[in-house]
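To keep things clear, I will list the structure first and then write my remarks on it.
Read from first to last, the chains carry the letters A, B, C, D and E; within each, the first residue is number 1.
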Amino acid sequence: MIVNCVAYEEGRRLCNIDRGEIDDYRSRSNCFVWVALHDPDAEELSTFQDIFALHELAVEDALVGEQRPKVEEYGDALFVVTQVISVNQGEVQHGQLAIFAGPGYVLSVRQHSGRGFTDVRARCEREPELLKQGPAFVLYALMDVVVDRYFPVLEELEAELESIEDQIFVRGSARASLERLYQLKRRTMCVKHAVTPLAEASSHLFGGRVPTLCYETQDYFRDVYDHLHRIEAAIDTIRETIITAIQVNLSMVAIDESEVHKRLASWAAIFAVATILAGIWGMNFTHMPELDWRLGYPLALVMMVLCCGALYRRFRRTGWL
Amino acid sequence: MIVNCVAYEEGRRLCNIDRGEIDDYRSRSNCFVWVALHDPDAEELSTFQDIFALHELAVEDALVGEQRPKVEEYGDALFVVTQVISVNQGEVQHGQLAIFAGPGYVLSVRQHSGRGFTDVRARCEREPELLKQGPAFVLYALMDVVVDRYFPVLEELEAELESIEDQIFVRGSARASLERLYQLKRRTMCVKHAVTPLAEASSHLFGGRVPTLCYETQDYFRDVYDHLHRIEAAIDTIRETIITAIQVNLSMVAIDESEVHKRLASWAAIFAVATILAGIWGMNFTHMPELDWRLGYPLALVMMVLCCGALYRRFRRTGWL
Amino acid sequence: MIVNCVAYEEGRRLCNIDRGEIDDYRSRSNCFVWVALHDPDAEELSTFQDIFALHELAVEDALVGEQRPKVEEYGDALFVVTQVISVNQGEVQHGQLAIFAGPGYVLSVRQHSGRGFTDVRARCEREPELLKQGPAFVLYALMDVVVDRYFPVLEELEAELESIEDQIFVRGSARASLERLYQLKRRTMCVKHAVTPLAEASSHLFGGRVPTLCYETQDYFRDVYDHLHRIEAAIDTIRETIITAIQVNLSMVAIDESEVHKRLASWAAIFAVATILAGIWGMNFTHMPELDWRLGYPLALVMMVLCCGALYRRFRRTGWL
Amino acid sequence: MIVNCVAYEEGRRLCNIDRGEIDDYRSRSNCFVWVALHDPDAEELSTFQDIFALHELAVEDALVGEQRPKVEEYGDALFVVTQVISVNQGEVQHGQLAIFAGPGYVLSVRQHSGRGFTDVRARCEREPELLKQGPAFVLYALMDVVVDRYFPVLEELEAELESIEDQIFVRGSARASLERLYQLKRRTMCVKHAVTPLAEASSHLFGGRVPTLCYETQDYFRDVYDHLHRIEAAIDTIRETIITAIQVNLSMVAIDESEVHKRLASWAAIFAVATILAGIWGMNFTHMPELDWRLGYPLALVMMVLCCGALYRRFRRTGWL
Amino acid sequence: MIVNCVAYEEGRRLCNIDRGEIDDYRSRSNCFVWVALHDPDAEELSTFQDIFALHELAVEDALVGEQRPKVEEYGDALFVVTQVISVNQGEVQHGQLAIFAGPGYVLSVRQHSGRGFTDVRARCEREPELLKQGPAFVLYALMDVVVDRYFPVLEELEAELESIEDQIFVRGSARASLERLYQLKRRTMCVKHAVTPLAEASSHLFGGRVPTLCYETQDYFRDVYDHLHRIEAAIDTIRETIITAIQVNLSMVAIDESEVHKRLASWAAIFAVATILAGIWGMNFTHMPELDWRLGYPLALVMMVLCCGALYRRFRRTGWL
């Protein structure tokens, strides 16, 4: 589905144009065409493949979706694949935005992604002095917004981690914490797979040998790279913290366990003493004078209580109870 | 065993040819010969070694099998070793496809691999405009199909991992999960050994200094590399997840254990109280008025039940039972 | 808020100047202007953006705060972002110092940072022979003091670690140690995120290809890099030690646990023997001669004590009690 | 001790020669001398140091043994140190083969190594067309055989690992498995220290900037490197598997433990019920009608057995027994 | 404190000279001055700073001590910082040796280090043909002896590790092993911090782009690097082994624990059976024929012993006791 197909001159929107007119506008100087597609079928895409002379391998990648993020040069054109990520009720959702940018054109192909990028176009059109830098600036603007949408995802991961951390030192929540940590680990890996390759790839768009197309806009791509790098560092922290948290969780289980053991052992000792005393006065010796005392029985009970109580106080003091 | 030996001109199949004719066809311009061998013996291979002037070390590698995947340059020829992997009933099966590609020829040598590559030839012959790029394209086509066959293997590993994950938070399945995780780890390592060196090696077939043979087909080899890189990333995720899963499994054992302990401790306390009461009324004091009560015995039993019941309710409430 | 705006000539302070005069002084040879801002608003900063022709992306970074530390070149100017860290009652506090340095000017922008950098200016003014090296030296002086302020933070982390280590081999402190280790890990990660990117970035200010601005002051930037590298190594040691300490802590829990178990088992055995003896003499056999002995009862008690005592001594000797 | 000292011309053995004659033969074109020493003393080696003008540091390394494997260039000569490894009854044994190769000579110095390298010489002499490539080929042949001798060592390690793996999921073998894993880890580290530095060093003998001596024999050294790389990958797999196996072993201990606990708890419950029943009927209430029943006692015993049996069946069903 | 200040010509010692004479001797060709300082104060060092025109940052580093080992170039002079390590009764002791080497001079500054380097000077003076290579050779000789002193430290660490390993599979030593492992880890980290940066830094003194000063002595610095690399590898092995040993230790605790459990469980079962039997014959049923048997009591005791004995044998056979 074609979302838009617009021609720009000197950074200013001319008009919506038709497929057939694209070549006219591209041939004008200081003019470029920006086409946005959404879940196109193979046929639709192949029309534009012919118009813009796209490489078949790139077209295939744009069509299939679920590619690794990457930046590839085909002659003087660039092909960029990014993953669009959003979190919906704890579930990470993936889409793909593939961008073809070359002299006089930008073609963006969005796949499986709920939220569109029309706001990017609107913002660009409000800043014609920037937009007149041409296709490379559009490429930057699209990558920038894709990357900006990673931040709320990252914050959600961090919020979840903090919520687990609050729980982790609370007794009895080990099982729940563990499941949440495991799920969080998986989600973090997902995001990492979107971010790391893109960071690596985008580092080729500034600095050393740079594709001609984005020679003038290097500073902008460095900014994108910088954001990606920051996200990467945050993800690495999350991962490392999760690993530590899993270990801490295991230790907490062991510590709780050992406290339970001590309490259990204390009560066992108390009960054992009472049992032994009862057993002793239950023996059938003929000559056990205390058995015949008037107050023998109550005294025995009192003695039991006293012994148990003494033990109880002792365990209390050593912190076992 | 010779599977095929075919001459191509301008990307179109000419005919099956005989060993003796190979030199004739190679000397024609725009012509190349594509030979496919399957588990050849040393003698058979040495015939072709003479015809194509292959290096003895490469021939040895092709013959022996079980090599590390690699891409080697011998003068203007390329020697590529790939591992062919398939999963059969949970067992990873290895084969080897060694490819010699040079000016005017491609020689593929398949070892211990169940499934052949005749479909590659068929596909290539259907696209003569691509095939006329010559031996480098055939090399690409063969590598591409080898790599494509890694994907179902990868999916099998991922499916197994997901199936273990479903099991891991279920009580009592720790032992089975552990064995499956361990096996999965081993299998993942196997696949990794096929993928990582090939990814590393194939990265030399595009970009910087490229062998002359594949100068024109760089974009294709970048695509192969990209696929390998994607597989590598997926494998790394699997490995990391397995390591986490093993730790989580250990924690789950500890958590289950501690729950068993609590339940055990609760019942021990309940039984101990009953035992003490029975012990008390079993003492032989002369003056124990309740022993002579008409309803002494039933009251004692009721009291035992009440005490135990009270404890039971208490443990229930604290979640120990 | 403008903290200072001072012009220097040949390393000597001329006078406080006004925004409008900046251009005058910059155009003189051997003259430069050093402006310090503190939590400026967007408008204030944009004034200086116009004066010094700063890049909009850099200005945005300086304004927002919470950036990853970095060193960026914009033409012949440098833009440096550093994190200012202090520890206040166990809490790591972050600020940001962004520095723009170009021909004839230095502009420092401090965000959320409690302690200012006026002492840097004072120190620089006391050494005019160094300060006459110009903006690059001011840049160095500011980076140097930012880095110097990491050392007390580092020492606090190390002191905390040592205090935990003293505690870790003491029984019964596992839970507290664990929480402290976990918190320390988090804080260490925070500091690491301030140090590592800055170390990496500052390594571009000396050695190979160096920005023109700091060509003469390379040795100074190497010194900054060297300090950062030292801090990095110390942080890595802390992290590795924390990981080991968490493992050791878990082992200590297990060891304590196993000692508790042995003691528990010993007492259970002692009690069990007494219980069995009492049970035996509580049996109702008609012919149990010892029951009728005059000294039967005391002898029985003595025997119980002897048996228990023998067991106690035995366990003592094997170290279980 | 001098093992051999032979002159070769055009790849063919001329004759055994004496030390004094070495210079004569070296000066002839297409001629080289191959000297093999075995545990030489300092004096012996210094004779050859003078003849071949070897560097004192290299000679010292050759003499002392226990060096890190390495490849060093001294002018147009090469100095290669390799570790010769064999496994004898589970013990890794180290020797050293140091090789000096320069224009017109090869000098190999074997230290503490049981098995000699005379078979290498024999093999080389059978292939004069290869041997005529000169000292570099001899160097290759020696390195190749050293590396080939790593393979059986590697296989022994893998066999041991597999044997441990068979044991690891068997109950009650945890202690033995652990000791074996630990020993295997140590042995693997030993082999790794022989392989990794040599792989790294030998990678400088082909590809980019190559010592003049081995310019013609690059393909051979690439083959050696390839073998070393394969061994390295296998060692890394072994190490990673050992680490996993140690974790799995710990988990198996915990799982076994928890099964023992459950069984223990079950029997404790069964015994406790019997004890309580016996305690109840051992109470001294006057009015306990069942005590006077004719069949009271057998019924009581039956009831005990029934209660215990019911519990037993229940635990059986839940898998605790 | 000045230890020595000696002039050398053509590698031969001329005489002890005074500070004032240094410039005279430096200006002669083939002459250089070697000054050794020990814990100098700021003033003393600043005298030499003026004489040799040392950079203030380097002087500061030499004065302060506790620097990261490094090799820095200042113009045509080199500044090397090394850590001098010795082990004294299990405590790692740090000193620092900073070396300034430039055309015509070497200045060594020793800080906090017990043992001096006068033996280096003596050895150098015995080999004038080497010493005439000038300051670079002195630099090498000093670095070489610093590195050589790491070997006994390393051996001490390895001896300690082996001693712990002997202990680790012995029961009941887990706590002691753990503390020793933890201390060893810390000490190993200390040594690592002395070795790793120096290895990295010294790798710039040979091979590619080399400071002019040590162009002629590259082979010597490669030897130093080689030693450092060997130490590094050994340290890495120690660290990895410690990590494994800590895990193994934890596993051993768990295994011991589980064996204690089994023994405990066995005795509990044996006692429980005796208790139940005593309880049964302690019941008050009127009709319990065996109570009236003449041999009832001894038979009962025999039966108890038999039951317990049977259980004991059974547990013995299954290895629980």
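As a working rule, contacts are C-beta pairs under 8 Å (C-beta built on N, C-alpha and C of every residue); 3 or more make two chains touch, one makes a residue touch a chain.
Since the model is a prediction, treat every value here as computed from it, not as a measurement.
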| item | value |
| --- | --- |
| Chains contacting each of subunit A and subunit E, listed by label | C |
| Partner chains shared by subunit A and subunit D (touch criterion as defined above) | B |
| Whole-Å gap separating subunit B and subunit C, where each centre is the average of the chain's CA atoms | 40 |
| Approximate Å spacing (C-alpha centroids) for the pair subunit A, subunit B | 25 |
| Multi-chain contact sites of subunit D, meaning residues that touch two or more partners | 247, 250, 254, 257, 261, 268, 275, 279, 282-284, 288 |
| Arrangement of touching chains [line / ring / star / complete / other] | ring |
| Sequence of touching chains round the ring, subunit B onward through subunit D | B, D, E, C, A |
| Touching residues (chain side subunit B, partner subunit A) in the complex | 165, 169, 219-220, 222-223, 226, 229-230, 233, 237, 240-241, 244-245, 247-248, 250-252, 254-255, 257-258, 261-262, 265, 268-269, 272-273, 275-276, 279-280, 282-288, 319 |
| Subunit A - residues contacting subunit B, complex | 55, 57, 67-68, 70, 72, 74, 172, 174-175, 178-179, 181-182, 185-186, 189, 193, 197, 243, 246-247, 249-250, 253-254, 256-257, 260-261, 263-264, 267-268, 271, 274-275, 278-279, 281-284, 288, 290-297, 300-301, 304 |
